[in-house]
Structures are given as C-alpha cells and as structure tokens.
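Listed next: structures, encoded as structure tokens.
In the two complexes below, chain A is the common chain; its partner is chain B in one and chain C in the other.
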Partner chain A sequence: MIPLREITASGETDALYRPPGRDLLRAPLIGRLFRHRWGRLFMQVPLLLVALLLVYDGFTGSPIPPQNTATVAVWVHYRGFIMLALLFFGNLFCMACPFTIPRTIALRLSRRGRRWPRALRNKWLAVAVFVAFLFTYEWLDLWASPALTAWVIIGYFLSAFVLEALFAESPFCKYICPLGTFNFAVSTLSPARITVRSHDVCRDCTGKECVNGSADVLGCGTELFAPVMRSNLDCILCLDCARACPYDNVALMTRPRDSELVDNAWPRRWDVAFLMLVFAFAGPGNAFGMVPPYYDLQLWLANTLGTNNEFLLLALTFGLMLLALPAVVGLGAAAISRALSGREEPLRVSFSRYAPAFMPLAVAVWAAHYGFHFATGALTIIPAFQTFLTDHGLNWLGAPNWQLGTILPGGWILPLQTLAVLAGFAGSLYVGTRIGRRDFGSPPAAMRAMLPWVVVFIGLAAAALVLFNLPMEMRGAMLPGG
Partner chain B sequence: MRRRAILIPLLCGLLLALFMAARLGAHGIGKPQVVNERVGPYLISVWTDPDPLRADETHVVVGVTNPDTREPVVGGIEVTVALVSAADPAVVVTQTAGTDSVNQLLYAAEFNDRVAAGRWRVVVTVTGAQGVVEAPGFDVDIDPARGFGMLRLGLGGLAAIVAVWFLGSIRDESPARARRKRPAPKPR
Partner chain C sequence: MLPFRISARHGRLLIIVGLLLGLAACRQAAGGVPLGSPDDTADISLTLAPAAGAQPLPLEPLTWEIALADAAGAAIEGAAVIVRGDMSHAGMAPVEATAADAGGGLYRADFAWTMAGDWIVTVTATLPDGRVKSQTFNYTVTAR
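Moving on to the complex of A and B:
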C-alpha cells in the first residue's frame, strides 16, 4: 500500500487539500481496527457467536418469549442498539453483520457470479420485502415465538449465502435485506459517510480497486464508487473500499446530519422516493399494530368482510397502511405541490423532491417506538440469559431476577417520545424548507411547493403522538418496577 | 444570532415543560405498591400507573411468581383487581386483569374513566387450582382527571412548530429583510 502522504507530497493541489470533517479511519485505535484487513471479521465473529447462541436457545430454550434470549435479544435489544448506532455513528450493524460471513465465503467461491437482473436493480423489491417483513412479524407474532425467531435468523444466513453465490453486486444487501433497507434509510441521517481524501488521487488511479477489488481484498460489495458517493444509501460500511485502496485515500468522514438530505444526493427515482415514504408511514403503521384500536379495526374488518382469516385481514390492513396510503398521499401531495409551484416538471420530480424531508420525522418515530420497547425491556436480557445458563446446569450467575426490566423511570418515556416526534417534525420542516429554497429560489414559491407536504408531515406526526399515548404492548417487559 | 437566541430558550422551555409533564405522565411501567409478597402459593407484585393516578388514567399491573422457581406464573390463574371507594365502601369497581396478547407475564387492569377522584383501596385476588388468595390491599389516592395530557402538549407543540415555520418563512421575505440582504453600493 502506498501511503497517502507520499502521493500528496508530490501534488500541489493535494498538498493544499483539506477534507471537510474528521476522518474516523484516522482516529486512534478505532481507525486502525476499521482499516485492518481482519477488522470487519473481528466485529463479525462475536455477532456470529451471538446469532448461533440465539438460534440454539430459540429452538431449545424457554418457549415463553420474554424468557428466551432469542426473542429478547432480537426484538428488544437489536432494535434499540441499532437506532443508537445509526444515530450516533453509522451503519455499524451492516458493518458487523454476521449474515455476510457465509456471504463473503460464497462470494469468494463464486468469484463474482452473474449480474442481478436489470429489472430488479431498483428498490421496488426492497419495498416489497420490507413491508412483507413487517407484515410477517405481526401475522406470525414473531416476537412471541423463539423458534420462529431462530428460523428468521437461519433464513437470513441462507438467503445471504445463496444470493451472493449466484449473483454479483451483493443483491441481498442492496436490494432485498429488510434490515439493510431499514439501516440504509436511517443512515441517511448518520453523522459519517464514506468519501475520499483527495479526488486528484482517484482521478489518476487506474485500478479503481475500491470498487473492483484487488488480489487480496474485495472491492465494494454493493459496487459503490467512493469518489462519487454522496449518500449512505446502499453503503453497508464494510470498509472494503478503504482496505482495497492502494493509496489509502478512502475516508469515513464526519458530516452535518442533514447534508445528504438537502444536497440533492439521492437519485430522483420513483422507487427510492417511494421507499422513503413507505419507511415514514411504516413507523406509525408498525406501532399501530400494538395498540388497542388496531384490534378494534381488525374486528370491524372481520365483521364487515365476513371472514376471520387473519392473513387476509392483516394483509388488507398492512397493504392499505404501508403501501396504498403512502402512494396515494405521496402522489396527491406531489400533484398539488407541482400545481402550487407552477412549475412544469414530471410528477416523478415533484414526488421525489421532498422524500428526503420525511427522514427526520420518520427516524424520530421509529426511534421513539423502538426506544419504548428498549427502555421498558432492556434489562430483561439478564434473567433471560440466566435462564439459559441454569437450563444448562450453569448456576454461577445465580437465579434469574425477573424484576429486572426497565432502564428508565416509566414517567420519562412518553415525554421523551413526544420530544423525539416534535424534534423529528421540526427537522422535517427544516430540511423541506432548505430543499424548497434550493430548487425554487424564492421563499414564497418554496413555501407554496412545500405546503401539501407539510400537511402530510403534520398527519404523520399527529398519528405518532396519538399512538404513543395509547397503551402499547410491552414486548420484552417482564415484571417491572420492583 | 438573534434567531438562535430565541430558539435555544424556546427549546429549553419545551424540554422543561415536557419533563414537568413527565411527572404527570401515564403510559409508563408503574409505581411498586406490593413487591414479592408471599400470598398462598404465589409471590405477588402490584404496580399502579401513572403516578399520581388520575380518574381518567388508572392502571393496575400485577405480577404473579412461583416462589420456588422464581418464574412467572403465566397460565391457569385468573387475576381480579377491585377498587373499593374509601368514601363509600359500597362502591366497588372490579376488573379481571387480562394478560397481554404477546407478553404473557403481566396481568393488567385499566380503570380509566371508571373511578372518581378520591381515596380507594386496591384489592387483588388470584384464583387458581390451588384456591383463591388475596394480596395485601393498599390505598391509593386518585386525583381528578386532568384536562391537560401529553397528547395535547404534543399536538400543541406541533402547532407551535408550524407557526414558527410559517412566521419564519414570512419573515424571510419581508421587504425590510430583503433590503438588508441587498448588497451595499460600491464606494466611489
């Protein structure tokens, strides 16, 4: 590897170049870990062991969900930690994802398979799988079944392995994985992203190892080219680009959180914009499945349609809430926005313009929801793990204390959720305003174009506030308070 | 700078209001009233939520544990919660505590809008194959229903943010501001 300083020392432009932000790959200790050839594996192996433990306990442990590490760790802790990691650092889970260990083996075995079909090289499939995952979670009560949770983990390993063995471009991560889709969406607000230290170095680079790979190191699995990256979308933060670059020129740079949302960094595509709207509507939609009015709605639907088929009723509810509603509302808002702005442009452009503005509110609602479950059930993992140990004759951690559960006083949770939703709503207005002024110039035109989207933001935020004020199933809580 | 000077106190005020409201907030886990009391073949714990209880927000959560294994009893029992008015013991509001459809370890009963403000005695009864047992009762004071909840505070916050956004947009295009933005003429 040729050190960057030798390259820059010879180039006048590079000698003057000061990359914005702070390069986390140059941070003490953590930077060395990230750049180390086995750095990713070092993070993946512990999670792989955890995944294997969860599969084992899921099949052999207690069938009661809050007593089993599989259900508690997957549906309470993973979701809580993932929000913290994404909001305060970046896509750490995809970086340490254990499912991609066999994927990497498959990739090496296949030495790059055939191309993923062109018709599927978009986010439509990701939208479908994301909604299907949320639907399956409710339909099969995945939280309530340690065994099914274990099957979900196995399904992830198998899907990643098979697809990676058959196709290039990491289609599982990029086009299918619902966890990855969630992480990509939230990581658009993360405070760091991949970029390069010097564009001159990339201009003169002939091998483009960051994306093509080298004899020793794989290039970017999702085929992103570091010098032109402006967004965290599709970046699994594997850092293969940084390891592959012979000039040590790839950086993981800190940035303002709103930078990619207001900088026109996303492609103006139907699929990308629709994915973000679905992500935003799925926040309240997912929470809705855990409050009493949801059961009233199911009962009303069952009586109206004359059927008790849960699959059908749930599919109808989720199809309407997570697909039809964002489509109709989004298209309606886009059409009105275009008419109010008086600009002749394709509806696709109007539809996708304000999609980034949904992210602050959407992420806030997801964080408030997952934060609730995490805050009410975080310590449950201790007695659940004690149960696992005692089931196997290991009593050195003592008897399970089932009174462990919460990490925050109960009275704090709803105010924190409210604060999160209000902050997300304010963030969406801020991002939307900047987008409008970027595209329309004059503040009056920008405000007119944004008005229908503001109505949508208000609807989503109000729905979230109402939902959080209803009693929600405490998935993961044991015997709290004492 | 001036905008920031307004915004920071505004946010601090909102934060303070939210945390003051937290003292009134419902939807939490609860205040322990009975903790692992040995009652017949069970260890019983009872929580009330929120703190203080209000006529429109009164929840009682019951945990039943096997004293030998220390594991929650998740089936084969029925948990009943009764609220007896201290002012008139003839007034009794009874509710069978249902198990959560997913989390089967807790028994919860809601008395929202079914009780009046005042002092009430909470009596929890567990009925199972090993008979009927009654947990130690305890008194709670229920405050009047409040006309001011977190939902109203949240919706009010939304309205305030929209108003600030709207006024900010209007302000940005005011003639005086536009004049200020105009570049000064070059000195001759």
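Moving on to the complex of A and C:
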C-alpha cells in the first residue's frame, strides 16, 4: 500500500475544481473499450506488432531510409500521429505504448520493486534525457538509418522492462522516457484529463484502489491520485485507475484546453518549469538543425575551435541552445518580471509562474515542424510497405508507386505553419494574461510582470517563423572531413 | 526425444522466432534477388559522373553520365539504366530518371534535385544478358 504522502499530485486542493464536461469513459463503444479490463492491451498489441515489424524491417530491409518502413513510420508517421492524437484527444500513445507491455512480467519479477531514489523524483533527469535524445538524433542521424531506428525501439523495450523490474512507480514513464516527456508536455493542452465524478466518494474510500491497485487491477503506474489530479503531467492515460476503482468513480472528462495552464495546476518547482522552457526552446532548436544557418554555425564553430569533432560541436550547440539559453533567458525574464511587479517572492516562483504560458506557442512550433514532415511524407509509407511485401514475394498491393508522398498541396504548408505559430503566440499571450490577472489582480501590475515573458514569446515565435521560411536542407554529415 | 523439456509457452515462442528467422532468410531485394546471395555482377564496372566526393553538388539540374564496362574493360551497350535519388530523410519522394544509351558503354540521364540535403543515388543497370547491376552513391547537395 502506498502512503498518500508519497503520492505525487499535481495540486493539493480542488478549490478550483471545474464542473465536469463530458465523461469519455461513458461514451458509447469507446468508453466500454477504455474501461474494459483488457482495453489497454487491446490497443497495445497492434502497436507491439507494428514495433516488431519495424524492428524486423529495420534490420533486414533496405538501408535507404525512405524505402524502409522503420524509418518512415518512426520519423514521419509516429511524430505526425502523436501530435494529432495529443491535440485532439490526449496521450493516446502512452495509453497504447507497446514498450510497457512487459510491465506485468517485470512487476512480478520485482515484487513491486524498490522505490525510485528520492533525489531523482523530479524532472531534471527527464530534461537531461529529452535533450540527450534530441542530441543523439542529430549526432547519429537516426532518421537516416533503419538499423539504428530498430535499435532505438529495442532500447525502449529493454529500458522500460529493466526499470519496471527494478523499481516501483513506473520510473521509465514518469522520469526518463523522452517520448513520454514530450507527450506529457503536449498533453497539458489536450482536451481531456482524468478526474473523478464525485469527490465525496473518494473521501469515504478506504482502499484508494485507483492508486494502490486492487486484487485484479494494477493501480496508477505513475502513482497519481485521481481525486487531486488537475494536470495531465505524468498521466500516461493507462486508465488503470478507472479499472481499479471499485466505485466506478474515475472519469476522463473533456475540458477547456487552457484549463490546467491558467488554474495554477502545476507545482511551482524549478524542474517542472525548466522542463517546459526546454521543451519550448527545443521546438525551434530541433527545426534549426535542418536549415542552412545551422551548417554555417557548425562551420564557424569548427573553424573557431579548430576541430571537426562532430560530437563535440553538436554537444556544444545543443548544450547552448537547449539548456543554457532557456536557463539564462528564463532566469533573466523571471528576475526582471519580479523587479517590475515589485513582488518580494522567491525567484523560483517568478520563474515558474509563466511556464504554462509557453505551452501554446511551444506546442504550435513542434506541431508546425512535425506537421511539415507528416504532410509532405504521409503517403510514402504505402510504397515502403509495398516494397516490404514484394521483398517477401507478396504482391497483393501491386508495384510500389514512389511518387506518393504529400497529403497537402505544397503551397499550403508554409501558410499553415505560419498560422499555427501565430495562433500559438496568441494562445501564449492569452494564457499569460490570465495567469497575470490571477496572481496580481491589478492589470497594470500583471502587465509589468508579464512584459519580459512577452519579449521571450516574441523571440521564440520570430525564430520559428524565420526558420520555417528558410529553405530546408536534410543533411546528416556536417563538415567536410568531419 | 529431447534431453531437456520445453514448456508449451516456450515452444510457441521458439516456433515464432523460427518463423521470423525463416521470413528474414526468404527476404529478397527489390530486384528479386535473395538478400545475401552471391553478387553475380561483381566483375561489372559501373561509374557515375559527377563523382560522389568531398565537395557538395549545387542545387541545380544536372546530367548524370553512367559508364558500364565488363571485367575486361570492354564497354557494355544496350543496358537499361535507371537513376534514382532518395533523400537520407524518410518521408521524401524520390527522383527517378531513365538514362539514354549514348553509345560506347555510356549512358546519360537528366536529373533535378528537389531540395538540398543528403542524397543516396542508386543506379540500376539491367544488362543485355539479364543480370542486374545496382550501386549506390552518396551526395550532399547544397543551395549555396
């Protein structure tokens, strides 16, 4: 049994509890599927089969990335579908994640495992792994290698299994998985989240099965306590809470997209706020790796430092762009915001206050980038899969048509990207304004406190618009002789 | 009789692994040649110009020149030659061009890159005797 003081909750009070929207767990068909004991497995098994196919094709198929289902599905489709799912529903990938299928076996092996070290129960490790993953993606040109892509999938399975076997609290999902970190961040804008139908039922509940589990069903893997949840952060949407609750009191409610961003739903912690800033800066940072100025920067760095060591140059670029820059800019903005508002408060509070306001812009930039790849390459999976079949003597789908690719006219993409960034910028201003009104009361004080953050939003939005307007170069090797 | 016992569950797992290995063994390259089979065109020389080298190519149309020769250095005429360019990033449609026989074992194909970046150019030549020679070349294309 997990003591309640151990439960990491996104908030401690339900004073701002909103009247419920529509409970998706009661929706026809889909609600029954979600609540069914094997509902999650029903969604995981197809993805497991897809993952196995991708590993197989990654190792045995064409080494040319656009002709291999592993590279096409992982670097084009996964990233496109995940954005659509997160924006229009919620954390569906974590819900159907095949990497956690061995969880039950791992838990049996571990007999629930040890507690994850207290010093690591925060988002610092998640920040490090997230940045390390983006760095590795560039360094090893993961998009350009079906075999490495297959190893990435295997790495996920092994990491999830080993950590589940050693520790309780699903540490892989909650503290490490870079895909999960990405999904948690975007899901803060998702239109649904876990809550309860009646708080009175929870107050009288003695077993707290939603988090502790019952005889038949595991409790929440990431140890979130449904009645106090106000955020999608850390929720893998496994719905074990709903299956375990003996009172059928857990709900997956629709909500306004901005609800958790403006409701003070996140803990005011350095690690959580910094993660969101890193996520926001990584959007343009990730896109920056595909445009000519990036290669000019690498060349300049190489000449200045007198080295062609790609690891070193990339580590320097990523360290500056994804860690140092958000830290310096965030701390600077927080200090100015505190000074302008005239509040005597810890810098941590000023730093984390406006972190939720980054999310609309950050998600918009990621969506614009991933959306580009998805829109221009969604149909390339068809000839890649046809090739996979014909390689095995199966000609059911005919000869591959390699001219299949885009799902949108080329001329639409840049206007749509621009629209997304501008909408995200407007969303960030809106959320920031609401946060200011909430915390400062008087509009002038709120405006003063928000001013430095608005400058950061403008900088990020401008960077994204400039990047999307530049001609793209899909390059791996950076430097001659490097 | 086996000297050890295999449970039904492990037996099923072994069968699945065996089937997957068999599937991989049966896998063929796109040209229909089983992967891992000996290359019967190893003695054929295929060269492509402009050559893949340290210098990036400009983002502008070009004409490939493909030269085919046998082990003795004699030009191979009458081959069907296709040039295909794939980007190193998944999700990008390839560029394909059919080369015209210019005589003397030389073939030319007009080609236009669709964007800057890393490209993998595959030349596939179906020789008059039916053998298929395929070779890949890596290029970096830059807009500047």
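Points to keep in mind about this one:
Here is the rule we go by: the second predicted complex is superposed on the first by the 452 of 482 C-alpha atoms of A that agree within 3 Å, B and C clash if a C-alpha of one lies under 4 Å from a C-alpha of the other, contacts with A are read in each partner's own complex, and residues count from 1 in each chain.
As a convention for this text, a contact is a pair of C-beta atoms (placed from the backbone, for glycine too) under 8 Å apart; a residue touches a chain by one contact, two chains touch by 3 or more.
Bear in mind the structure is a predicted one, so any value in this text is a computation, not a measurement.
On the shared subunit chain A, the superposed partners chain B and chain C overlap sterically. Touch criterion met: A:Val454 reaches chain B, while chain C stays clear of it. Contacts of A:Phe468 after superposition on the shared chain: chain B is touched, whereas chain C is not. Touch criterion met: A:Gly405 reaches chain B and chain C at once. In the superposition on chain A, no contact is made by A:Asn232 with either chain B or chain C. In the superposition on chain A, no contact is made by A:Thr195 with either chain B or chain C. In the superposed pair of complexes, A:Thr317 makes contact with neither chain B nor chain C. Looking at the shared chain after the overlay, A:Leu419 reaches chain B, while chain C stays out of its contact range. In the superposed model, A:Asn249 makes contact with neither chain B nor chain C.
Greater residue coverage of chain A by touch, when chain B is weighed against chain C, goes to B. Once the two complexes are laid over each other on the shared chain, residue contacts for A:Gly393 go to chain C alone; chain B is not touched. None of the stretches 5-13, 23-31, 77-85 or 113-121 of chain B clash with chain C in the superposition except 77-85. Across the two superposed structures, the residue set of chain A contacted by chain B and also by chain C is 64-67, 141, 143-144, 376, 402-403, 405-406, 471-477, 480-481. Against chain A, in their complex, chain B makes its touches with residues 14-15, 18-19, 21-32, 35-36, 45, 47, 49-51, 59, 61, 63, 65, 70-72, 74, 100-106, 110, 149-151, 153-155, 157-158, 161-162, 165, 169, 172-173. By the touch criterion given at the top, residues 20, 23-24, 26-30, 35, 54-55, 86-94, 96, 115-118, 120, 122, 136, 140, 142-144 of chain C touch chain A in their complex.
Within the complex, the chain A residues that touch chain C are 56, 59-62, 64-68, 71-72, 74-76, 141, 143-144, 292, 373-374, 376-378, 380, 387, 390-393, 402-406, 471-477, 480-481. If you check the complex, the residues on chain A that touch chain B are 64-67, 141, 143-144, 376, 399-403, 405-406, 409-416, 418-419, 421-422, 425-426, 429, 433, 442-444, 446-447, 454, 458, 461-462, 465-466, 468-482.
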